[in-house]
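I've put the structures underneath this note.
Okay, so chain A shows up in both of these, paired with chain B first and chain C after.
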Partner chain A sequence: MKAFKYLIPESVEAAISFYQAHSETARYMAGGTDVIVKVKEGWMEPDYLISLKKIQEMAELHKNEATGELSIGALVTHATLEKSLMIRNDYPILYDAVSNIGSLQVRNMGTIGGNLINAVPSADGAIPLIALDGVALLHGPEGERSCKVIDLFIAPYQTILKPGEILKKITIPPQAPLTGSGYTKFGRRAAMELPLIGIGVLLTLDEESETCTKARICLGVAAPTPMRAQGAEAFLVGKKITEAVLIQAGNLAADESRVRDSIRGTAWHRREMIRVHVRRMGLRCLALIKEGR
Partner chain B sequence: MNNINPDTNQEFCVIGKRIPKLDAAQKAMGRAEYIQDIRLPGMLYGKILYSKFAHARIVKIDISRAKALSGVHAVLIGEDVPDKMRMGFYKDNPPIKKGKVCSFRDEVAAVAATTPEIAKKALGLIEIEYEELPAIFDPEKAMEKDAPIIHEMHKSNVLNLPWHLDYGDVEKAEKASAFVVEERFTTQWVTHCCLGTSGAIALFDAKSNLTIHTNTQIPSLAQKDFLESLKAMGLKNKRVRVIKPIIGGGFGSKLDTYAYEHIAILLAHAVRKPVKILFDRAEEFKATSTRQPTVIYIKQGCDKTGKLTFRDMRMVLDNGAYTSWGATTPSVMMMPITSLYRVDNVRYDAKCVYTNNTYAQAMRGYGNPQATFAIESTLDMLAEKAGIDRVEIRRINKNHPGDTTPQGFKITSCGLSECIDAVQKQIPMDGPKEKGIGTGIASLIHVGGGARIYKSDGCGAILKMDDYGKVDIFTGGTDMGQGLDNITAQIVAEELGLFVEDINVVHSDTDVCPWDVGAHASRSTFVAGNAALGAAKKVKETLLAYGSKLLNVLPEDLVLRKRMIFSAKDPEKTMPIDKLLRKAHFSPQGKMLMADFFYDPDNENMGKDFKGNLSVTYAFGAHGVRVHVDEETGKVKVLDYVAAHDVGRAINPLLLEGQVYGGVVMGLGYALTEEVILKDGETMNANFRDYKLFTAKDAIRIKAPVVETYDEFGPFGAKGIGEPGCVPTAPAIANAVYDAVGVRITDLPITPEKVLAALKKKKG
Partner chain C sequence: MTTPISFILNGDELFHEVKDHWTLLHLLREEMGLIGTKEGCGNGECGACTVIVDGLAVNACLYLAVDLDGKRLETIEGLAGSDGTLHPIQQSFVDEGGIQCGFCSPGMIMSSKALLDQNPTAGHEDIKHALAGNICRCTGYVQILESVEAARDRLSEQAGGRNE
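Let's look at the complex of A and B:
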């Protein structure tokens, strides 16, 4: 492993000025569960590692009760999200996703922001945040800007972040009443597993709890970057949600996906899993709405 | 559980007790010294460069830039290796290849440098020009006439090995059978996944004697291999000392010597300094050996009553590019083929075929899991065809004590029937069925009293006692994590009336420990245990003779128990054992107590027809499982698992259960998730992310009922249990999947894709 200097700024501004001082030779690090592995393997060879861990404002998890907006600091760990009753009750899709990432140890260290910025096609954290219409707040040498979470990703391991830019937090707009959501990671093992395919579904129903007013079907590992099956989503909106309708949505989503054969799994099976789990997650959404969650 | 010593009619003090592993605390606290922790003064670090092609000619190698790098002490290529330095029993594998490479795993150069980083950098400076050759990866295609020949010195890719047996009259029996089933099975590459990666440190003394610290399960045979290497290097009449550090897992992976060990020797000799080679995880996956993959063709038949009439099996084994013990696994496959259940007419043929893939080695069960997968899967198929209950067909055909099997195995004790009872009690196989839920059963036979695969199946032990009632025992047996130290200490402590903490087991150094053929074939408790017991008995005799004199009691009336010697008839006549030892030592013509014992079991090498009583006794078991199969995803979830084994006697039930749990989890990985994925000969998943070893979260609760049959030849009645836990796991799962959803998976591992594809095919 190449030696590096470890810098610990306590504010976003300080982190950015450290970066500007060392530019190309510096790298940001959040939980370190991806970066440290890359440094150890020699895939990344920074002279300076700028740890963001001591930046207090980036570690806050907060729901504004007045507006209903949820703010998740990029440094919030998977474990923090997993243990939050508010997340578990109000954002089940997020709970489903983060509570199955890696292992307990990985979830204690790994952060939601790091999960997004690492930008692997299999990032479990991205799917729920996209389904929840999350917005990413970026802060860089040229100031702040924001974008939809789905627009963060350009290609595997590539985001729109400019040199020196930091993902500060993700905000989730208020969720409509009568919304249900759920995520399934289909894998081979119970822990330390990447999804062979990740399926997140979010449904909002109208006041009569019948017609779908909003649908999100988000897929991981179905394309080079996390994707929405917008054809399937559009198909659901305005329909009374039944199992038969969900089966059709699953078929549409499977057709829209751009799954591939890899050593981890075959394209046809991944497509089948999309079919099955869009239906299963859709039914879970309905059940949650019925329970009043 | 009966815990009475049949010799003394008293309850055991140490045997049968759940004594935790003696080094458990040390390991938990990080104090155990593995090869990773050992640093010698002046030590250099060696690294190996591997081939970039599956099959290619080496046109040119330029090492000048690597040699010129500051900190590099030596760079070796194939031309630097003496011609006679070849590994494996088939002697087809030089530690560094010359002229051509036959797999991605081929070593093409090695470097010794002052740091691992410099050594790695130097590898990157070695320039090699290759000329790619047509490669072959399918063993059945490699047998075809126009297939590329991998080793030109042989005319064919098929190895010249004798794996063929034919007992009774299979063809006649087939004609007379009421029911016959036939199927093709395939099994994959899996690997041992030892948590401690491989490594060795070699150094020469001033007189060119070699000391090598290495992770090995075969200190004595490794010593022999290394002596041969020295001889090939022109170092005649030299000594080799093998020192084994604490091993982080063996499972058969350390049953042969590897290129990295011989390369460490070559480098150390070139630089006259200690050289350490340590594998990282990727290297461990790519450059150590796997379980032997197989293509299996099987036919089995029975008569109207369900009695087995014949078993006819043929296999093609992908040998990979070189030959290690994987090519000899048919010798052990023969055991379940001829002797699992009573079957008179048996035929078996196996061909080992060179390909440009990785090569296989020994791995827990040594071929038995592959053969048992085919046998036990088709037994269920046969039961269904004959309309006989699948548990019943196993009872009809079970082995009995006193049987001699077609291969000449003499079954002494046999608890198979009781094992099937135990499985049925925990997991009833009949009764109403829930959708997607199924049960499965499979049995096993394995060697349980040594296995005579070498000229000797022996193990030596030297025992000495000090003035304080403490024992040092130097054993040939190897503890590689399985707990042989405990077993040895418990046996000696019981025999000498001491406690385990009084016993120091030394097992790591060929300069002080006697010969042993190796920690394989589930033989250590039985063979090393009997060796330790033999030495303890000799010392005991002397102790009793002294005690008899001092206490004025007949030796046969004396008892050793809880650090005391006393008369069974008159307990007043007593003395602490340590005091007795001092009296023996500090008197005229004083004596220190010590003894040696070499135990070589009364088993037989197999003859040319493969007949012979390979083991003094055989271990039996039956596994049962209940699974849920998700019919929409194909995913199999294990709900319940019971693994019942006939172990003779449990010397230490805690360690015994540990062996069974570990074996079963290894077997579940084999059945469901594990596979080394080779794409055109190249390992695609050399990491734990993509090699799907079960995690702690996947491991299910396993019930491990113990059947005790008290084998007359075992130490205190014990038989081996090291391997059986992973033997019948895959067929038990495959049978349960069939029971659950009606599809028979014949290709391991049983992945969701395979199950779903089969379900779709069935539905049409």
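Let's look at the complex of A and C:
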């Protein structure tokens, strides 16, 4: 592997000053499961790697019980999210996604922030955060700004991050009662594989557990960047959710998707799987709401 | 340019000078001569280099040696007793046919140890989930899963024996 100098700042400000001192030749690193591979393969050739691992404030996972807002530091590992009972119970869509990213070894090192910033079209970590209306907090040489998680992505492997900017954390607004959610990573196998298609569904019902008041249908590998099937979402709102309605929503989502043929699979297959899994995840949402989760 | 680090390797405190771009796998195999940890793909795909850092299974090929400073590291070399007695997980892999060519075995065994240390009653699905990042090209995995289940039972019998 190419030699580099490893810098270990303990605050976001210190990390940014390191970056400013070495700008062109420096790169940030979180868990390292993507960056180290890129350096080994020669796709990234930094003279300085700035480790974010020791920045304590970026490693916190915290739910504000008063406001109901969830805050996920960018350095929180997939394994930490997977092991959290709070995530498993209150945010099943996030649990579904992070528990199948990479392998356990990768999840023990890899971080949710690194997964987002790597910006692969499959973005297992992004789909649930988009469905949960997540907001990303960025901090760079020019100060702080925030954006919706879905707006982080410009193109495959490209985000809106400016040079020197760091994704600090993601916040999830309080979730309404009677909300269910689920994510399917569809592929040949779960571990160490990018999905053929990723489908996340979140549904909120009104007090009578009948009419849908909010729907999110988020798709990975269905377009160059993670997308929402907003036509299908709008179709569901105001309706009583039945299997027949979910089948129609799946058809709408499949039509809205911009899937294409790739070495991993065909557009046709991806479209069919969107139909199947929007229905299945929708039914899962209903089952979870019924269970009282 | 080197950085001094200190860490605990299989129970013993160690100091080492490391270069910033060395992986933990490089430190173990090339600098310390501990070749029990294997290099398969070098990209975190195969799990042959699995070691345990502060109780968590990680790929040594993706872990920078400098990041080991202050941490507790367990490798396959630390499992057998000083008289050569195999660790119950190792013995179960031998008994159940979980080893053929042996290249994936150190990684498989370290993944199993990390799991059973945390969850001594791990079931079949837990074991599959924990070992999904370890590739074996010989056994077809069935004997490996059986080995881990046998190791779990052997370890819980031993623990039960101690409690009585």
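Just so we're on the same page, the second predicted complex is superposed on the first by the 292 of 293 C-alpha atoms of A that agree within 3 Å, B and C clash if a C-alpha of one lies under 4 Å from a C-alpha of the other, contacts with A are read in each partner's own complex, and residues count from 1 in each chain.
Everything that follows uses one rule, which is that contacts are C-beta pairs under 8 Å (C-beta built on N, C-alpha and C of every residue); 3 or more make two chains touch, one makes a residue touch a chain.
Source: prediction; values computed, not measured.
When the two complexes are overlaid on their common chain A, residue A:266 makes contact with chain B while staying clear of chain C. Put simply, more of the residues of chain A are touched by C, taking chain B and chain C as the two choices.
When the two complexes are overlaid on their common chain A, residue A:3 makes contact with chain C while staying clear of chain B. Of the two partner chains placed around the shared chain by superposition, neither chain B nor chain C is touched by A:137.
In the overlay built on the shared chain, the residue A:245 is in contact with neither chain B nor chain C.
Of the two partner chains, chain C is the only one that A:109 touches; chain B does not reach it. Legend: residue contacts after superposition of the two complexes on their common chain; A:51 is shown touching chain C, with no touch to chain B.
According to the touch criterion, the shared surface of chain A, contacted by chain B in one complex and chain C in the other, consists of residues 103, 190-192. Within the complex formed with chain B, the residues of chain A that make contact are 103, 186, 188-192, 194, 263-266, 269, 272-273, 276.
Looking at the complex, you find that chain A touches chain C at residues 1-6, 8, 32-33, 36-37, 39-41, 49, 51, 53, 79, 99, 102-106, 108-109, 190-192.
Against chain A, the residues of chain B that register as touching in their complex are 632-634, 673, 677, 679, 684-685, 688-690, 692, 694-698, 751-753, 756. Chain C meets chain A in the complex at residues 1, 3, 19-21, 23, 42-45, 47, 50, 56-59, 62-64, 66-67, 111, 114, 129-130, 132-134.
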